[in-house]
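Just below sit the structures, each encoded as structure tokens.
Look for chain A in each of the two complexes below; its partner is chain B in the first and chain C in the second.
Up next is the complex of A and B:
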């Protein structure tokens, strides 16, 4: 069984989100807590800018939860950079435990899954879960030097410059009630510009497993949310779960497909480890707190490649972890 | 509080270890389950060789626990390669959940800390925790191309070519009774060849926190084991905890300092995410099962750098997580 329940339903007691210029001008810009019109955030490199974003949302989420760093037992964080340096160097600034996690763009719900268990089981009192990504740091690490100005194919997505973090503890807030741990699923996609197609089979596997193991159907949720499949990947997911007998066409959204306004250069929409964390912490958490949504299934989705794995001829497997959050 | 107890004391019910030629010929060679005299393990690249090692120990640990893959709910794994591809591509071969973790060479006890909580709390039934490293894949990623034949300074360590994995579940075996989550500690070391010095302050912080929060003293343990501080780093750790009022000089060992015989080229000894997992699964687990040791504190230690963080002028912070294992 890959699905389990949190008996004490730990709460998300504080959130924070930050977005870059493009994200702040996007569909959900008004909901983002810290909107920046400078994608360097005053730093000398894009990597340092990403670290600053993640540091900021961790720090703010603790304040927004009315807690101090003394109340936080651990930070559970990850990002897309080699050796998850954004998470590590953010955590360095806090006097709290640190557990680094990495499942590419599925890292946010991976962190929530682990963090909620550590709080629910009484092991730790309050934990912060956070992830980040930055278009420019990801682009030059995974694909091409920015200076090359490479054109992008229509199936490409745009890595979100943003971060989101939330504090899990006991108290008022949206509750995390159950989780389904994803498995690595590989359909043999090798196009590093088509992440949606690479991740959709893993998302379908997690959704199908979640429904099968819980006995629930899609209409149990006000909305089912994937992380960053993008417009094309979302369609593939809808088709794949339809083939398994589940219709999610009426209550399904994708953070990546939602994040940009009138996407042109972004083609299929946003992606990145900061995509689902920023969108959840900015928008969906607010919808839950205002009771416009009462029960959601949040499923961040990740493409598990590295530059080296692609160079050595590997295909791109995907993964997705789902958490049920309700108010 | 960063220390917590596992009420149901989950067991390590099966282990497996693999070592390369140098490790198999080392001090602990006789204890390693799979000894290879070929550091490519029949693969075309060192990265694929590392993946094969990790895959093999995950697979064998499940068999050694008398379990099948259907009994395993999740694999919790990580390694030193960018985007932890050894872990990801190993997990791809198993029909089980996957949680990728990364705390450099501290990843093994990070995985144990999380895995034991997930089993102890009743969230998952059996999980596999595993980590790997490979001298040649690490060297060319973090330092220099192998073909350059760079000389190494005397404070350097040698990345272990090896892997270890264990199954955590309920049943007969050594029990995991408590854990202390480490925090990121940075003393400003910038020498990428002196990992022991970079990690020792974090190890001292975790040990000190463990003693303070549990009220225990070093003599509570038959042996306190660090991951890969090496000979020099071990001395620094002993001094640092001495300054805090704890004497570990009588019952302290370091996996990195133990692993090679008559170290010459290896200078301060072994390092790498596979160092503590291989040594624990090969040697210490056997000592526990044979009751030659009854209670140990295993503390893997990690240096949280990336090539890029060093290039951008960052120092090297460390981290260490400690787990108490007893029989």
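Up next is the complex of A and C:
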């Protein structure tokens, strides 16, 4: 069994989100708490900018939960950079425990799964879960210099410049009721530009496992949300799940596909560890609080490659963790 | 691997291939032709200019034209324009010598944050390095073949 239920249903008691210029001008821009017109956030390097974003959302989510840093027992955070420096260096500024986690773009639901378990078991009182990504810092680590004149293939996605964090504790807020831990699935996709296709089998596996182990059907949820499969990956996921006998075409959304205005212009939409956390903390959490949505399944998806592994000819393993959040 | 579902799944890869969007080849070719042609025309224009107005010729003339084109490529990269041209033109702006300048200057700008030694200097040839290596290697090879043919016949 990879699905388990939280007996005490820990709550998400405060959230915060930050977005870069492109994200703030995007489809969900109006919901983002801190919108920035400057993608360096006043810092000298993009890595420092990403750290500042993550620091800001962690700090703000604690304030939004009406807590102080003394109430926070642990920060669980991660990002895409080598040695998850954004998360670690943000945590440096807080007088709280720190657990660094990495599952590429699936880090957010991984952090939620762990954080909710620690709170649910009564081991920790309040936990902050957050992730971030920055287009420019990801681009230089995984791809080419920004000013290099090259074209992107049509199946490519655009890394979201943004971060999101939420405080899990006991109290008023949306409740985390169950989680399905994902499995590393690799169907042999080697195209580093086609992350959607690389991650979709893992997402399908997690969804299928979730439905099988809980006995639920897709219409149990108001909306099923994947992290950053993009337009192409979403289509593949819908097909793969359909083959297993579940129809998610009516109530399925993808954070990456909905984050930019005219996603087609960014080819398949947004991606990155900050994609699902920013979209959830900005938009879906608000929808839950306003009771426009009652029960959602949030499933961040990650591609577990490194630039070394793909240069050595390895295919791209994917992972997805699903968390059920209800009001 | 037997008990694992993880293996190269040919059915899936074929399916992915069938649903993935294709690059619009006709459009890419036309754009590359137009922009690449324009860059080369500018180069040819410079050549005429140096030849008839300044009176240069031979290797000197070629060196002057290359130097100016390299400067233009580097300058437009610094202004943040060349990547936009590249996004539109694809191979049309990569192949000419301006593209080579772009591939040297863009990492130099990008890695300035890691300092002048480990950043700018070390990373400057990250993209252009392979071009130089294979360029030199293939010119040696062609030289040897030429030498062989020349001596035999």
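Operating definition for what follows: the second predicted complex is superposed on the first by the 325 of 327 C-alpha atoms of A that agree within 3 Å, B and C clash if a C-alpha of one lies under 4 Å from a C-alpha of the other, contacts with A are read in each partner's own complex, and residues count from 1 in each chain.
One rule holds for everything that comes next: a residue touches a chain if its C-beta (ideal position, glycine included) is under 8 Å from a C-beta of that chain, and two chains touch if they have at least 3 such contacts.
Only a predicted model underlies this, so the values are computations on that prediction, with no experimental measurement involved.
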Which chain makes contact with more of the residues of chain A, chain B or else chain C? B
Looking at the overlay, does A:98 come into contact with chain B only (first), chain C only (second), both, or neither? first
Regarding the shared-chain residue A:319, is it in contact with chain B (first), chain C (second), both, or neither? first
Does chain B (first) or chain C (second) touch A:148, or do both, or does neither? second
Regarding the shared-chain residue A:121, is it in contact with chain B (first), chain C (second), both, or neither? first
Answer with first, second, both or neither: which of chain B and chain C does A:69 touch in the superposed model? neither
Contacts of A:232 with chain B and chain C, given as first, second, both or neither: second
Does the superposition put A:201 against chain B (first), chain C (second), both, or neither? second
Answer with first, second, both or neither: which of chain B and chain C does A:186 touch in the superposed model? both
Where on chain A do the contacts with chain B and the contacts with chain C coincide? 45, 47, 184, 186, 317
Applying the document's contact rule, which stretches of chain A touch chain C when the two form their complex? 44-47, 140, 144-155, 184-189, 194, 197, 201, 232, 235-236, 239, 267, 315, 317
Given the complex, residues on chain C that touch chain A span 5-10, 12-13, 15-16, 19-23, 28, 77-78, 80, 82-87, 89-90, 93-94, 99, 102-103, 105-107, 109-111, 113, 126-127
Contact residues on chain B for chain A in the complex? 1-2, 4, 45, 47-48, 73-74, 78, 80-85, 88-89, 91-92, 94-104, 110, 113-114, 117-118, 120-125, 141, 181-184, 186, 304-309, 312, 314, 317, 319
